[in-house]
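Both complexes shown next keep subunit A, but they swap its partner, so subunit B is in the first and subunit C is in the second.
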Partner chain A sequence: MLRLVVACGGGIFTTSVVSEQVSEILKKARIQHVINPAKITEIANITDADLIVVTGKFGTATRNVANIPIISGLALLTGVGSEEFAEELVSRARAIEEAKKSGNA
Partner chain B sequence: MATLKFIIDLFGSTILVPVVVFILALFLKVELRKAARAAINMAVGLTAFNAIVSVLLGNLGPVVTEMVEHAGVNLPALDIGWSAAAIIVYSNRMGMLFIPFGLLLNFALFLLKWTDSFQPTDIWNYYHFTFWGIIVELATGSTWLGVAAAIMGMLWSLLFADWLAPSLQTYYGYNGVTLTAYGDNVMTPWAILCKWVLNKLGLLDRIKLDPETLKEKFGFFGDPLMIGLVVGGAVTIVAKYHALGSAETWALVLKTAAITAAVMIIYPSISGLFVRGLTPISQTLNERIRRGEIKRKDFYIGIDPAVFFGEQATLATGLVLIPIFLLCAIFLPGNKVLPLADIAALPFFAAPAIAVMRGNVFGAAITLGIWLIFGLYANSDIAAIFTQAAAAVGAVPADVGSLYVTSIVVGKNPIGWLVYKAFSAPGAIRWVTIALMVGVYLVTYFLFQRNRKAWQMAAGAPEEYFQEQSAGADTL
Partner chain C sequence: MGPLNVATDVEALSVLARRMVELGYVKSTYPEAVIARERVFPTGLPTKEFGVAVPHCDVVHVEIPTIALAKLARPVEFGLMGDDGTKVLVQLVIMLAIKDPETQIDVLKRIALMIRDPDMLKRISSAADSEEVIRVLREMLDC
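The block that comes next holds the complex of A and B.
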């Protein structure tokens, strides 16, 4: 199960838009996942997630306490580069799944 | 008309608003499954919202009333936040009407090239101008005047969006977008004026505030949980100042603090459910305009201010103003607003000031600080009528005593407030004030179109932006 956090300024509007699309991309790739909303100001201290998506481009340089990777999902909001984003997301998700499996074994 | 009223009364806005949105979504070619899921989310979000607001008002409400009546702290207008204001607006008949009608008007203005900003992608933020239309309708009893005031607001917001776009794009590094949220972009001319004055005084170059340090020192103030605890607890202590020796008082202080914090924490998820009703519409329109279904070479896509949040200077400006703003609310004579839910949103509306000031936190803080003081008075003025609007849709109980509700984000809009005053002026004066308002808009609009580049540069856009634009046009 891939655990994602989607974050924006208020954790409301753009988070909802991006979460829905992230979910759709992952469903198409048949990757099981849960998505939790957050605020950008909270992402430094998130510990229980595999990947963090911020809706703007700010926050991607934040240092997370658990070293969780942070990527920008702006493409899903503006539509520019959304296909490239989908590819990156899926490959990252697969890599995380792989790492978990080998970790468990 | 009678049948319509019967249907509205029977189903209530919690069912009716999602149904309207569902039909509109299908009409705009949103997939049936997506449209249905969106409508259901919206209905559930609205229901949950009504429940949580009644928890907030039921617990914090009596304490605020007691504070006003017994402790002499006259802050009866509780700030319930922009998401609550939006939900109240969309539950109103005019808000419902403006989802399809505003969309149509947006398309028309865009296709007729009245504006370069494509606002339908930011449909969620329609509440910013519809809000003023609703209170005009309430004040005058005329739906037409309300609709006219809302349209006036939309026109202003599109003008500011066009004006600010190059500055925003270059400062934040987002290509092709603009800020269409009226309550935020309306700050553009004010920020330009402040920049000019501060430059004349030589203060912009001399005073530099470091965003990183400010963020660390003031980050504490931006946490909704802390805001809830502090405001809920402090209000109770003040209200019960005469009985601070009793254990009951302290039990109440702790309970109210916890409940207020809980509401602040739950708010975003509930609003998130509600906005899910509108996201498929804005997404579908976004995809369609990107695919080139709407022919236009240069345009700006309307985007929610949340994407500007998190940029160092913007965040720092908002955070540093939180304690100052709270002190202003307490000590400014005549203010009636008790800030709560919108405190955490301060860094949201620093974006236009930061773009105009090109990241100068000192300049932006001065701009926004004065702006917020005005915001307190405007909100004090409209709190009573806004509470009436909220009660009309059942978002707050009809009898909340001397308590009022308001939203700082929506109310801190001088142009919106002037439009409201102009469109609801008494008797025949109204036609003069409306004519004046329309006149001022048209003059500003045509002056802007004529001096477009100069005005956009005054708002902070660099010369290079326009060179790139013309170079881009040559290759096309």
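The block that comes next holds the complex of A and C.
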């Protein structure tokens, strides 16, 4: 099960909307997943997720302690590059699932 | 009411927010809260058409869930969502007073879809008056 975190500043508008869209992308790709919301200020310390999607760019200050990959979901809000985002999300998700299966996670 | 003629993001937020207080949609704490939040977590989005800002703040300041929309007479700089210092020239401000994100998720999704749709944005920016803007919004939001 792919564990995702979607983070934004306030945890209201963007997390709700981006989480829904991320979920739809993964459902279409038949990737089982669970999504938890978070605030951007919290993501540095998250340890129990496989992938973090943030709405907006993030500085180097937002490094995650467990080296969980962080990708920007801004494309889902602006519409610019949303297809590329969907492709990247699915290919990363599949790579993570593969790694888990072969015990490399 | 014609396009809003302001020079800064704070002015734009202030005018919209104060109007919402007057109408009883939000508490008197809302204007300060939405301006403060925008400073820390800006909401400028560079869509395919023109910059759109989606300011909002904590649900505790909201009485009645509301969307306030303002076309800006001249583009105003907002911070890019994600806070890395980049600015977005915004022409449309969609202020969201959300009370319960879970039950209001459908409206939020439709707003997001609208922002991603250059045709919808063009229709709003070329609308002749507020009635037309409201018609376009209602059509998109199905309400």
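By definition in this document, the second predicted complex is superposed on the first by the 100 of 105 C-alpha atoms of A that agree within 3 Å, B and C clash if a C-alpha of one lies under 4 Å from a C-alpha of the other, contacts with A are read in each partner's own complex, and residues count from 1 in each chain.
In this section, a contact is a pair of C-beta atoms (placed from the backbone, for glycine too) under 8 Å apart; a residue touches a chain by one contact, two chains touch by 3 or more.
Quick caveat: nothing in here was measured; it's all calculated off a predicted structure.
> Should the pairing of subunit B and subunit C on subunit A count as a clash or a fit in the superposition?
Here the two partners, once superposed via subunit A, clash with each other.
> Once chain A of both complexes is superposed, is A:29 in touch with subunit B (first), subunit C (second), both, or neither?
A:29: touches no partner chain.
> Between subunit B (first) and subunit C (second), which, if any, makes contact with A:14: first, second, both or neither?
both
> Would you check which partner chain A:79 touches, where first means subunit B only, second means subunit C only, and both and neither mean what they say?
It touches subunit B and subunit C both.
> Superposing on chain A puts subunit B and subunit C in one frame; which of 6-14, 60-68, 204-212 or 348-356 is the clashing stretch?
Clashing stretch: 348-356.
> Overlap the subunit B and subunit C contact sets on subunit A and report the shared residues.
Comparing the two interfaces on subunit A, one with subunit B and one with subunit C, the shared residues are 8-10, 12-14, 16-17, 20-21, 40, 54-59, 74, 77-80.
> Considering only the defined contacts, which subunit A positions touch subunit C in the complex?
Residues of subunit A touching subunit C: 8-10, 12-14, 16-17, 20-21, 40, 54-59, 72, 74, 76-80, 82.
> Can you name the residues of subunit B that touch subunit A in the complex?
Touching subunit A from subunit B are residues 83, 124, 172-177, 219, 222-224, 268-269, 271-272, 275-276, 279, 282-283, 286-287, 290, 301, 303-312, 315, 344-345, 347-348.
> Subunit A touches which residues of subunit C in the complex?
Touching subunit A from subunit C are residues 37, 40-41, 45-48, 54, 56-59, 80-84, 86, 96, 98, 101-102, 105, 108-109, 111-112, 115-118.
> Show me the residue ranges of subunit A that touch subunit B in the complex, using the header's touch definition.
Listed in rising order, the residues are 8-17, 20-21, 37, 39-41, 54-59, 74, 77-80.
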